[in-house]
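One structure below.
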Amino acid sequence: MSPLLFLDILIGGLMMGGLYALIAVGLSLQYGVARVLNVSHGEFIMLGAFATYSLYLLFGINPLLSLVMTGPFIFFLGFLIHRTLFKRLRRLSPSLDAFEGSSLLASFGLLFIIQNVALLTWGPDVKGYSYLSKPVNFFGAVYAANRLVALLFAILIGLIFYFFLMRTRTGKAIRAAAQDVTTAQLMGVNIHWVLGLCFGLGALMAGFAGSLTSMMFEITPLIGLPYTIIAIISVVLGGLGNILGSLMGGLILGLIGNIVMYIHPGLSLIAYYIIFLLLLLIKPTGIFGK
Amino acid sequence: MRILEGEGVRKNFGGLAAIAEVSFHINQGEILGLIGPNGAGKTTLFNLISGSLAPTAGIIRFKGENITGMKPHQICKRGMARTFQLVKLFGNMTVLQNILLGSLFGTPKSILQSDAVNDSSKLLEIVGLSGMGTILAKDLTIVNQKRLEVARALATKPELLLLDEFMAGLTPTEVSLAIELIKKIRDRGITVFMIEHVMKAMMSVSDRIIVLHYGEKIAEGIPDEIATNPIVIEIYLGA
Amino acid sequence: MRRAISKKFFYPVLVIFFSMIMVMMPPYVSPYTIILLNSIFMYIVLTVSWALFSGPTHYLSLASAAFFGIGIYVSAILGDKLPLLVVIGLGGFISFLLALLVGLSSLRLRGMYFTIFTFGLSELIRHSVQWWEVNRTGTVGRWVIGVDHTTVYYIMLAILLITLVVAYILKHSKYGLALLSIGESEEAADHIGINVNAMKIITFAISTFFMGTTGAIMATRWTYIDPSIAFNPLFSFMPVLMAIFGGIGHIFGQILGASVLTLLADVLLTKFPYYYMLLYGMILVIVVLFLPKGLTGLKEEVKKWQEGRSFK
């Protein structure tokens, strides 16, 4: 294999992986800390995509700029949903297992609700817009400029988040809560606020990913679920509860997907599922899990 | 007759030996006590005997048969039952249903539902839970939950009963009642192997005592010998 | 004493009564009604068989679509080669075998891991069949030998009644009690002589048998099937929603949930497809939040609320 082809596969894989990493971290925040396996995660991606799309089409707002506008809104939406729905559910559940089960079901309900509100609002037709679509030469291969920019922004968001997680007090609180909620509470962490914050941040990541997606791909209200599945696989790959592990999981999955696509297109999804199932059977705690 | 024997039993978790080359035996009809500081491996040993865990090495024999590596339900049907340090009841089922399950599934030959109900009702009285048959297990006080767990274990008609910290958290009065219950159990022909921290109770009711420390058996003998054993005294007072 | 007897026989008598009506119905109603009833029977079977295992053990399986779909494909592939009843039996039997395999391999998975495993499995099967059909068989979908509505109706009714009888007998037997205990504490159940692994696997497999037979017969009604129809994840989600909505703890609740929601879908689906799914979502959230015991629990909730009021 020529080094150029190898590089091409690598970069292409990282492009997808960067996006996957973003949504995986989002889901990991929601499951690892708030203990909600949010199957409606992909719907927040879809909302971010449509928000950016609408802003671009209606007001001509630069998609990258719209990140700043749609972000807070989606964060707030996620925070609100946690406060009203999942917080109450947690209070009512007799055990953590029961809560995980009922929150899973509740998030299914959310999935139906959000997806169909979107279908009613925007209709089922494929939509898209053109932004930075001119081809660019990068390390010998040709990519659309928007893909490179999306990758750049994904990395940027990831770095900012990493800094936030590692260097700020709130980030420390989140990491503590991800490890052990009870002890974190005993150490003075305002746990309900942190849980809501994490859920909101998770939604925010999804929203960002969606906005970036809308630059590169066509969108419909149904794009959510496949991304959710990828997020779940990435999170399990990295180890449930390990926020940074899920980031690695997303990158790895993107790379594998791209490699499989070169060997035989149409098999990437099957490859994902096989990896997923084998992982659950052999090492459910993930590659980086305890 | 030695109803239970362990030879060179070892259990490793990763690099750590939770149980290191422990050999022991229980004579039929006796009450054998198991003591040791926290983390000594007492519950781990019970888990190895009851089938929850498989030993890394060594042999465990029950009534002469090699039961090493058998599943708990297989061992139960051969006549061994246990209670747990943290009570594991069927919380959303009634007291009677908890005991009934032991009666229906714990014996090698299946029994009639009506016989099982009769046996279970009798057991209710023996452990002191008369009249509470229809209460949900999760609504019982902790003392009664422990009693229920014993009743459920007895329902499987065991010849050997493993009690894991049965008296933890009981008041002195409750401890006396518990001792009475254990004696009643022994009088019915059931051998008892018990982990306990309540020393006074242990000394008064056990025929022999084994002491574990860091996964090793460091002493074995009748209560008086153990109480005056300098090594035992040191690990309890010195640690 | 009299009340105790009549309560125990209430539901079985009710079911027998309704079955007799159902058996006699076809000549007197429109084909549309028969088709609707077929759908209702189908969802009742899926819901009751799902709840057979997942109800007491709390192992939330999302693989119902896989086993239902297998039944459909058995019908599609063998429908023209073997007699109808044999095909239906095979649909159930192959599902049963696959379930045994799945159960054996996923023994150590608990809670959320088990759930996402079953979902992943179902989706893997869907995508794999699709890939195989497109790349190896050279088709997208398949045609199934059609069977007239009335025959489908009677077969579906028979499957329904067998499923209900099996579910009822299981629930009221010592094995039903054992399944509940597994849902409470597997370790304790194992220690009182219950072969937990065997019981889980066999119960799971039995539940999928009914799903497979249902798929095999319903395929003959749809006549054209493809992987996205046969293995549609909705066939995994709906039984869960229906059971929880109606009341997962009682067979009657499962029947109620399936019937009500299928009727609702029939009313809304043609005219307001997006509203209908939206409504489903809202019902799910409301039930999880306020009615964890479903409709059958509503009676209890109302009673408790009334008792609470009387103390004021």
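Labels for the chains are A, B and C, by order of writing; each one numbers its residues from 1.
The rule is simple: a residue touches a chain if its C-beta (ideal position, glycine included) is under 8 Å from a C-beta of that chain, and two chains touch if they have at least 3 such contacts.
Bear in mind that the values here come from a model prediction, so they are computed numbers and not experimental data.
Put simply, the chain nearest the middle, going by average C-alpha positions, is C.
At the far end from subunit C, in terms of centres built from Cα atoms, lies B. Subunit C has its Cα centroid 32 Å from the Cα centroid of subunit A. The geometric centre of subunit B is 42 Å away from that of subunit C, both derived from CA atoms.
Rounded to whole angstrom units, the spacing between the C-alpha centres of subunit A and subunit B is 49. The residues of subunit B lying in touch with subunit C in their complex are 50-52, 71-73, 76-77, 81-82, 84, 88-93, 97, 100-102, 104-107, 113, 152-153, 155-156.
Contact residues on subunit C toward subunit B in their complex (touch as defined above): 174, 177-178, 180-181, 184-185, 187-197.
Of all residues in subunit A, only 37, 85, 88-89, 92, 97, 100-102, 104-106, 108-117, 119-120, 229, 232-233, 236, 266-267, 269-270, 273-274, 276-277, 280-281, 284 touch subunit C in the complex they form. Subunit C meets subunit A in the complex at residues 58, 60, 105-106, 109, 111-113, 115-117, 120-121, 123-124, 127-128, 131, 134-135, 237, 240-241, 244, 274-275, 277-278, 280-285, 288-289, 292.
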